[in-house]
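The first chain written gets the first letter, and so on, giving A, B, C and D; residue counts start at 1 in each chain.
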Amino acid sequence: MTAFPAALLPLPVALPLVVCAALLATAHLLPGRLPDILATLAALGVAILCGTIALHAADGPLVYWFGGWEPRDGVHLGIGFSVDEASGWVAAFIGLLYALTFVFAWGFFDRTHGHFQILMLLFLAAMIGFCFTRDMFNLFVWFEVMSVAAFALTAYHLAESALAGAINFTVVNSLAGFLMLGGIGLIYAQTGTLDFEGIAAAVARGGRDPVVAGAFCLVAAALMIKGAIVPFQFWLADAHAVAPSPVSVIFSGSMVSLGLFGLAKVSAVVFGASGQVQHALPVLLIGLGGVTALLGGWMALLQRHLKRMLAFSTISHAGIMLTGIGALSAGGTGGMLVYVVGHGLVKGALFMIAGILLATQASIDEIALRGLGRGIWPAGIAMGLAGLLLCGLPLGVLDQGTRLVQGALAQQGHGIALAAGTIGAALTGAAVLRAAGRIFLGLGPDPGDEAGAPSEDEREKANRPLWLMLGPCCVLLALDIGLPADLIGHALPRAASAFLHRPAVEALAEGPAWLPWASLIAALAGAGYGLFRKTLPALVVRPVSVTQSAPTRALEVLHSGLIGDYAAWLAVGVALIAAVLAMV
Amino acid sequence: MTVILPLLFLLTAISGTAVVLVRDPVRQVFAIAVNGLVLAILFDALQAPDVALSELTVGAAAVPLLFLVALMAVRTQPPEEKP
Amino acid sequence: MTMLPYAVAAWLFGIGLYGIATSRNFIHLVGCLGICQSATYVLLLGLGYRWGSIAPIFYDHPPGTPAVDPVMQALVLTDIVVGATLTALLLVLTIQAYKRGGSLDPEKLRPMRAGGGSRRNQASSRADDGAGKTS
Amino acid sequence: MSPRIRVALLALAGLILLPCAATVIAGLPPFGATIAQYGERINAITPEARHVANMVSAINFDLRGLDTLGEEFMLLAAITGTVVLLRGRRGEGNTEHAMRRPGRAVIPRSEAVVLACRIAGPLTALFGLYVVVHATVTPGGGFQGGVILASATLLIYLGEGYAGWRDAIHSHWLDAMEGGGALLFALCGLAPMLTGAAFMQNVLPLGTFRDLFSGGLMLVENLGVALAVTGGFTQLFLEFMEETRAADEPDEPGEESA
């Protein structure tokens, strides 16, 4: 029936589902470590399958119709998967990240009956389905499976703060699901189909239509909630800071960026023909993205809880990715796709280091850990390197993505967004480098106060060998640096154009070469300021702390941890998107 | 039919509002059950018997039951520390 | 009448969101979330309805009789499952949070915060060893 | 943020959204005027193509079977999550047998309640089975029937009390049912691929229209869903009920069982 490579498409979703159902059915019979092995192998298998699919998709998107329900007379009857090269590689990256996370989490949980692996495999299958599908409602289903698995995984530790964070996460992301379903209902009623291409064709025929704009508003709000864009970002810091470290790796490394991946796909493929949406997008995405990048970076700098710091840094980088989408060009979106992979690799490594510190030093507090990291100096080198990569060290995949995004923004004259992205990256890099300097080199003052110290129950299981935890982390960093830039640069123009359903472009512009260095120097200066504030002359310190204090207080009041506030901000965000859409 | 449907829609809006405005969780459980029942009737009137049956089993029975159990759990198990 | 179902859906979502924003009890909040979700049911089924059509089950009527949209109904069925799973998960989280934090009030049960929240966290970790909470 | 500011913020957002929502609603087709082309098309071709009377089941199990697969696994995720979160403090190991607390009074039940439950339980189970097997001809199906079946087991709790319930139902069986059902559904998707057909393609004989055994592969999938949902919801009820039992107060007779 179907040709060879296309017949592979259902397998990356089906494989983890089958393994996890089998694990659940037989969990109590299986010997101790078998679930770990099976889960790792399944994730590796998914990565290999997705890589194969991506290779075959280079000539053009592969399409697969479930149940053999191919479109008849122009009506899409069933659900289809449509995989272009870029989606395939992103899926392969996700599979690899899971495999390494399973290795990292080896022996992390006692007596789990495989429950952790079951939830993680479901999470993986949902992400792959989310990447591959070409059906609006199917997208929603995978979105929800992803959410439900994530909710349960967040609270795995059952500590008080973990539970409160998980409740906020669940409520906000459930609301996202409802918004998305409402949007899908509207677009289905108006266009009479759920298929991406079918909707796109109907939208192109329809002209300016408030229902289409309304549907886009709801779907985009839902995906931005997943992608933690201001003013929807509040849940992320609560959830990522309290989730078990391996889960945080997945959350920051792939779940958040996948929300933005979905947004890029939906706005280019489904709503690509709606003039109203396309006109509103640059204003909306670049504006929100710039604010997000700055706010996330600033908040990261204020944190002393390492995982919370990394969570805010993820928010900042999500903002940078959003500006990439907002450029609405092959360069911007292509850069964003590369950025997703690079950021996932580096941020995953950083969360693993945070997990290593939690496990070996029984603390996650930057101040309390001061100088304690000397015994595990290899982790320190990894953390320093990751911090440098995060703020723009011109090396590796993340840097390539950054330069492409910057190139696209510079080409279109979005100078402010360019500056916001650079400063945001510098701020998060400064935060990470400051923490690395304090923990592994013992730099900086020791305030000796206990206020703000995380509670005792955040300790994670300690009796795992260091190399087991550090290994996957180093592999991630090595991948970020080692992936051949030429190959990516060669394939990207074609892949990004196919992703956007646009005619292929020749080459993609890159940003000015000095920009990453500027970001790097700013980050080093920021980290140095944080560490050596006491020894600097008062002339430098006073103006800085004066300008710091007021916005800092305001931001801390905003991040209240109250679900009621988050709901109000959610409404504000939806209103903002609606207002921008109404005005163009 | 033309009278029943608008009436049911209004009833849905009212019972939904009641769920929000009844602030005491114990009484809210009943509001939730009523709301589930109203929704089930509305779905049946909208020619969706499949959905009505699901809503009846889930929304009007299983979910209120879970709420009741949660309330009992909160009541019978004092927290590990008194606020 | 032509707009009533959609207006009801919008109202339900709005009132549910208002309930979430003002709720002082997590169990009540979960109920409000359910109302937000019922807005999607009403919207979808309202959009899939057609006057004078039968249910999309051709048992008593021959195939070809005008019927309402079965796709919307299938979507809502999935949505109801989503609703049940979310409610169950949230209630579990609420029960556990109550056991750890001693309150169902979102104001008293916040996720970890630097500064103010930390003292409470330390107290709760002490409480795990059996000591009472002092604050 | 004080509650007043929060409500003001919400009102402001509502004020902006109100005209937008009004415009969108005005742009929608009037209520009851028409249905989408997709649904119309399915109503037209499916009875003939798949020999089933219930279009909703046809969509759920055949045309859009992948959605139901995702939905089933969502349920599995939620119930696994519930189990993990509720058992966390109780300890995951000790769920095999009922936790009989010393000094816990067994509440005597009136004969009438026990009798009523013993009659109602099997009847409910029978009704659940009826709903399950008639998936392709009348309203209902694996999901609805599964929930009814699970509530039938709940009647055992009412009639026989907690200990009797825990003796009758083992957690591992439920895990096996839930996982097995989901596995069956997933294999229904993969098995046709062995014959060269597409994932979840309906390769079995379709049976006769309006017959109980119509729909081919849909029947197997329906069975998988029923198994998974019955196991899952029973597990859910079981874990929730466990939670109502006071953990450390043996002097407190459980009023929750009244």
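The criterion applied here is as follows: contacts are C-beta pairs under 8 Å (C-beta built on N, C-alpha and C of every residue); 3 or more make two chains touch, one makes a residue touch a chain.
Everything quoted here is computed from the prediction, not taken from an experiment.
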### Chain pair, most C-beta pairs within the contact cut-off
A-D
### Task
Taking CA centroids for every chain, report which one is farthest away from chain A.
B
### Task
Please report how many Å separate the Cα centroid of chain C from that of chain D, as a whole number.
17
#### Entry: Whole-Å gap between the CA centroids of chain A and chain B
36
#### Entry: Chain centre separation in whole Å, for chain C relative to chain B (CA means)
11
### Residue list for chain D, restricted to those that touch at least two other chains
3, 6-7, 10, 14, 21, 26, 28-29, 36, 38, 42, 54, 56, 64, 67, 71, 74, 77-78, 81-82, 85, 88-89, 139, 143, 236, 240, 243
### Query
What parts of chain B, by residue number, touch at least two of the other chains?
48-51, 54, 58, 62, 66, 69-70, 73, 77
### Task
Indicate the residues of chain A shared as contacts by at least two other chains.
137, 141, 144, 148, 151-152, 155, 158, 186, 188-189, 194, 560, 562, 564-565, 567-568, 571
### Query
What chain-chain pairs meet the touch criterion?
A-C, A-D, B-C, B-D, C-D
### Contact footprint of chain B on chain C as seen in their complex
1, 4-5, 8, 11-12, 15-16, 18-19, 23-25, 27-28, 30-32, 34-35, 38-39, 41-42, 45-46, 48-49, 51, 53-57, 67-68, 73, 76-77, 80-81, 83-84, 87-88, 91, 94-95, 98-104, 108, 123-124, 127-128, 132-133
#### Entry: Partner chain C, residues of chain D touching it in the complex
3, 6-7, 10, 14, 21, 25-26, 28-36, 38-40, 42-44, 47-48, 53-56, 58-60, 64, 67-68, 71, 74-75, 77-79, 81-82, 85-86, 88-89, 137-139, 143, 210, 236, 240, 243
### Query
In their shared complex, at which residues does chain D touch chain B?
54, 56-57, 131, 139-141, 143-144, 147-148, 150-151, 154, 233, 236-237, 240-241, 243-247, 252, 254-256
### Message
Under the stated contact criterion, what part of chain D meets chain A in this complex?
### Response
1, 3, 6-7, 9-10, 12-14, 16-17, 19-21, 23-24, 26-29, 36-38, 41-42, 45, 62-67, 69-71, 73-74, 76-78, 80-85, 88-89, 92-93, 172, 175-176, 178-180, 182-183, 186-187, 189-190, 193, 196-202
### Summary
Residue positions on chain A within touch of chain D in the complex are 1-2, 7, 10, 14, 17-18, 20-28, 64-69, 72, 75-79, 111-113, 115-116, 118-119, 122-123, 125-126, 129, 137-138, 141-142, 144-145, 148-149, 151-153, 155-156, 158, 186, 188-194, 209-211, 213-214, 217, 557-558, 560, 562, 564-565, 567-569, 571-572, 574-575, 578-579, 581-582
